[in-house]
């Protein structure tokens, strides 16, 4: 078994921006030349998270609306300390967690046809984002 | 270190069906002949997810009731596009995420006594399900 | 690639106790002598979970308050079976999940500056807790 390390970088446009970066993950997998194993993804920072979703326009609204509803903006102890108004962003990111792995075989990701890999921007402003990528396999 | 690849297949009976597939994971681990490492599990598809739970009858109702409460059936943008009435299913699966790993030592899973490995069927109908299994270790 | 196995032990003080054990993870990473790879963490038991968070006093209140709000104490089927009053604890732990991985390079964790590794005590009493640690890399 070998390990391949890289990073995926992108810029989020606004709070609740869902970014489908599946094709960038596939590109890193191709670079690694590994055929059988797992891609490990980690979102650096405490106001963004990773998951999978069917990346169609409806769910791109539904999923953030769900987060807005169960973790609304408002008064959080975090804001009283830092006054940056993003207490809800931290709670959302800690709920969803920053780590996600995707297995692959024959050099192809084993996600479903309607299952894309997404970054969930939970911060209240555009951010430059970094995903640490480790691919383990043979 | 080596990698062992396989799949676990089963059929869910209905929405909110929690399926304890711990014994199938143990069977794959035995087949791998690995003694020290990690079992990586990935639920293929965007309306099912993995987690651990104490698999007793009470929690088999409590956990889905929690999901019903915070992500109720109803109007989602996803449904307006696809008219399949499962917008809530996608939101639930993206919240819980499809990936889960379980470490093992001496050929045995390191889960707690009351901690079983479950698939959470979030779709609104029975489905044939596939879990991709990768076991890494020595 | 090699695998290093160990455990991290600590005692939680009360329900909703967030424990930052980042420095213990760093200590295990140092012991492993591995420079490039991934630390895999698994919380044994069905009433505790792992995530990352900015570990400052405000969020140490905000995150548990969020859990209290969406999964309140009260009547759960689990309690009717076991009468231990911790049905909500199980639901919270299954939502957050027990597994978390953190990549590292040059012997250092790749978490953000404001992103600590935490155990979330969801049980309704102090507990002795065990985190299984597997470090894979080279």
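By written order: A, B and C. Residues from 1 in each chain.
Here is the rule we use: a contact is a pair of C-beta atoms (placed from the backbone, for glycine too) under 8 Å apart; a residue touches a chain by one contact, two chains touch by 3 or more.
This structure is a prediction, so every number in the text was calculated from the model and none was measured.
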Any chain in contact with chain A as well as chain C: B
Same or different residue numbers at the chain B/chain C copy interface, by half rule: different
Averaged-CA centre spacing for the pair chain C and chain B, given as whole angstrom: 20
Residues of chain B engaged with two or more neighbouring chains: 1, 70, 95, 97, 101, 136
Chain C partner contacts - residues on chain A that touch it in the complex: 1-3, 5, 40, 42, 44-46, 70-71, 76-82, 87, 90-91, 93-95, 97-99, 101, 132, 134, 136
Interface residues, chain A side, partner chain B - complex: 1, 36-38, 51-54, 56-59, 61-63, 66, 70, 95-97, 100-103, 105, 110-112, 114-115, 136-138
